[in-house]
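We call the chains A, B, C and D, going by the order they appear; numbering starts again at 1 in every chain.
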Amino acid sequence: MSNASTDAGADLVRDLVDANHILYHQGIVDAFGHVSVRHDRDAGRFLLARNMAPARVSAADIVEYAVATGEALMPDPPRSYLERYIHSEIYKARSDVMAVVHNHSPAVLPFCIARGARLQPVCHMAGFLGGADARDGPGLFEIRDHAGAASDLLIRNRELGAALARTLGASRVVLMRGHGCTVVAESLRVAVFRAVYTEVNATLLLRSLPLGEVQPLTPQEADATRITNEGQVARPWELWREEAQRAAAARTQTPAR
Amino acid sequence: MSNASTDAGADLVRDLVDANHILYHQGIVDAFGHVSVRHDRDAGRFLLARNMAPARVSAADIVEYAVATGEALMPDPPRSYLERYIHSEIYKARSDVMAVVHNHSPAVLPFCIARGARLQPVCHMAGFLGGADARDGPGLFEIRDHAGAASDLLIRNRELGAALARTLGASRVVLMRGHGCTVVAESLRVAVFRAVYTEVNATLLLRSLPLGEVQPLTPQEADATRITNEGQVARPWELWREEAQRAAAARTQTPAR
Amino acid sequence: MSNASTDAGADLVRDLVDANHILYHQGIVDAFGHVSVRHDRDAGRFLLARNMAPARVSAADIVEYAVATGEALMPDPPRSYLERYIHSEIYKARSDVMAVVHNHSPAVLPFCIARGARLQPVCHMAGFLGGADARDGPGLFEIRDHAGAASDLLIRNRELGAALARTLGASRVVLMRGHGCTVVAESLRVAVFRAVYTEVNATLLLRSLPLGEVQPLTPQEADATRITNEGQVARPWELWREEAQRAAAARTQTPAR
Amino acid sequence: MSNASTDAGADLVRDLVDANHILYHQGIVDAFGHVSVRHDRDAGRFLLARNMAPARVSAADIVEYAVATGEALMPDPPRSYLERYIHSEIYKARSDVMAVVHNHSPAVLPFCIARGARLQPVCHMAGFLGGADARDGPGLFEIRDHAGAASDLLIRNRELGAALARTLGASRVVLMRGHGCTVVAESLRVAVFRAVYTEVNATLLLRSLPLGEVQPLTPQEADATRITNEGQVARPWELWREEAQRAAAARTQTPAR
């Protein structure tokens, strides 16, 4: 654990490695997607893995980045994720945000593809999708409004990151047309929790919409459920970590050919 | 097994631990949801795990609760599930009920979200959803009718538990708007069986509704299939227990990092 | 392997055990459903496991039954499947049939629930669903026509078995309203193959129907694909057996608690 | 590795074995489907496994074939895939193609079954489905136009392979009515990547179409995302290979019965 290129707390680095594995094991990221956490001693820095599949991240792969620039804070850094500016610009715009997850969550994508589809909170585990800060559910970021109709859809510079942060506003989740979503929280564990239950809520909506008029949570219900459930975040985290660690251990025990 | 905080039979405690693991392994609960059983020597008590993920429950985590109050019957108890009143109030209202499962079953939730959707029994394994005691299928509990439109949707006190028990009535399953369902039975094994096949029947309905008019079981078919199938409950229980125990053993064998 | 209560070939008994495990591992049966094979030395007998979950069947659990009566051919037999008459009456009616699978295949059930839905062959792996012997796809057996509207839906006597065999006719699959399906073939391996690809084809139809008018195979295409593909049945059998045996071995290696 | 019947590079043979296992582990092929690669020293030959399930392929199963004829280049060859002419005729028509995958990808099939359904690229990982070379998405090959309405749907000779190659044209994916799809690329790793994300994109479309009007990538977006993502193909390949090798190792470690 001590070989991460950071002076952040060892617990924070360990949690970030676990978060990478959990997000993969829960089906929220595949070989793509990334999760970061703000440095615990310096709000101007954040920790993010080098460019690799989240399932394979270890402490040695964690790199420090500058919030101001989105660039790695080490000489001769390893290859970075192209979209690290998602993280840097959200940390810049939102001092309350301590962790950011970006993914291509498979049940969420349809809400980024079908015109007019809305990812409203419909179950009590996903109140964070609505509430007073997000009365209509997560907003949709249309990159064509900022980069034209011939881009590769990636948030590949500070300007696009800043535009994404503006669409996020004060809410907790932002959808990205044809691409995925980005989830933020005041702690790493809550960010992982929200990323998982954004996918759960999206699955429920996909199944509910053909059955009839959906009944979303009221903004007050959304806020009340968010506060209650996020006080219980240790419960899923302990389970998910245990399972993700088991899967990661099995992976590294594969005999060589 | 002897370290549970109860004088209930060791077999009952072991079955309750297995029930927790089975419900997780069968995808009926995730890190949330809970299962209880009435005490085998005292109808005024029931057994329920402390506040934790069902997959991780062991005998030492089982706590006795009072049917009368929904409170733990030990000094300085560990943290309880917020919704233990689901269990206590149903045991109070229904002397025939020996076990209760509460969950956020993923194919059942759409029937708790889409207005007017009905979870009718459409396959012979799920006759318990209908019959003479539940001619229209499970009822839907709308918490706004009891706690207003700003609640966190949880059954967090005796009054809400009693209201839920009234909606359940003489039936075997009650749906909870935006939340999940609660399943009861005259034994723990049958309760687990019904929780699993409620999910199976919901999945079948989700797939059948787009194809045309569904043909539900008649009330007489529902009662007849229920009686037949629940005489065979040992068959799935043995299989599910074997698989859940295997998964639980694999979990605890994960090497430490 | 030598402890099965039969004088049938050891290879046949071994294949029947494998068929039980394969059908479970491929998701075609759960704790319910069963598979039989006609005796290789006596067309008046067939082999079927005792009443238990297919995943847990071993050679010692295989019992001989009489085609004429559907009853076990041993003194003091273990508990039988209630629906063994599905097998006996089909073997009686169809001398070409050497193996029978009965299941509650999860993508097939919607075609047994939604009025008018038709399980036509839409991919070349499932031509056996149509062809000259089944121009409209599998027929639907409505038990109410034979047992009234208050039955438990089970084929629990010879008369109902004979009625089911009549609906099957000369085809290879028969659907059962609110219940499941029954698949037959001229060999055990082909019966397993057809049971698996009936489920695959049903899944494809469920996904295709919302997209537009489906294009089924012509009867000639159905027959041609059936003949070609069933000449390759060793390929999936070898794979499925390898995987099912691995899963079964892992199950029995679970440490005792 | 040295026992493959080829003088191609050992790395290429090893990658081809891995590709077989990856495609199975990712759910793109089942017991059927196949993947080939053009010989690295002779553009007139390609490598393909003998007739067997991809999951079970090892280096000793790789055989050389002639692009000119689609026939094996060894005396007394093992049984070949019936559809090897898919590969040979595409290599003949497209000198830029270095690898070919043919499969029955389960979310893609509906677009080969429902009349008029179009597999447009709707997420940035699947831009290769569109772009300047495939403005309307993949074309659909109707075998009835070439073999009549009584064929077994297989590409079982050079003429049908050539017709399929004409429908593919300059694009990267071709759909086959009632059958599956074929994916090509300028390298083996990119072909596997495209086969996986064709399935991902199809799943997203199946979920998006019921929600409202889908917003496909523009041709320019499709080309831009393809170029970007295929520069990152090592990331999923490393992960998928690790997982497929683990699964393959577990398979061969199953104790004999």
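Just so it is clear, a residue touches a chain if its C-beta (ideal position, glycine included) is under 8 Å from a C-beta of that chain, and two chains touch if they have at least 3 such contacts.
Source: prediction; values computed, not measured.
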Exercise for the section: Provide the labels of all chains in contact with subunit A and in contact with subunit B. Expected result: none
Completion exercise
Any chain touching subunit A and subunit C at once appears in the list B, D
Problem - Interface numbering overlap (same over half, different under half) for subunit C and subunit D - result: different
Problem - Cα-centroid distance, subunit B relative to subunit D, in whole angstrom - result: 45
Exercise for the section: Using mean C-alpha positions as chain centres, tell me how far subunit B is from subunit C in Å, no decimals. Expected result: 32
Handout entry: Where subunit D touches two or more other chains at once, by residue number
Key = 209-210
Fill in the blank from the handout: Listed in rising order, subunit C residues that touch subunit B in their complex are 30-32, 51-53, 55-56, 82, 104, 106-107, 109-117, 149-154, 177-180, 206, 209-210, 250-251, 254-255, 257
Practice task
Flag every residue of subunit A that touches subunit B in the complex, lowest number first.
Solution key: 122-125, 127, 200, 203-205, 207-215, 217-218, 220-221, 224-225, 227-229, 232, 235-236, 238-240, 242-243, 245-246, 249
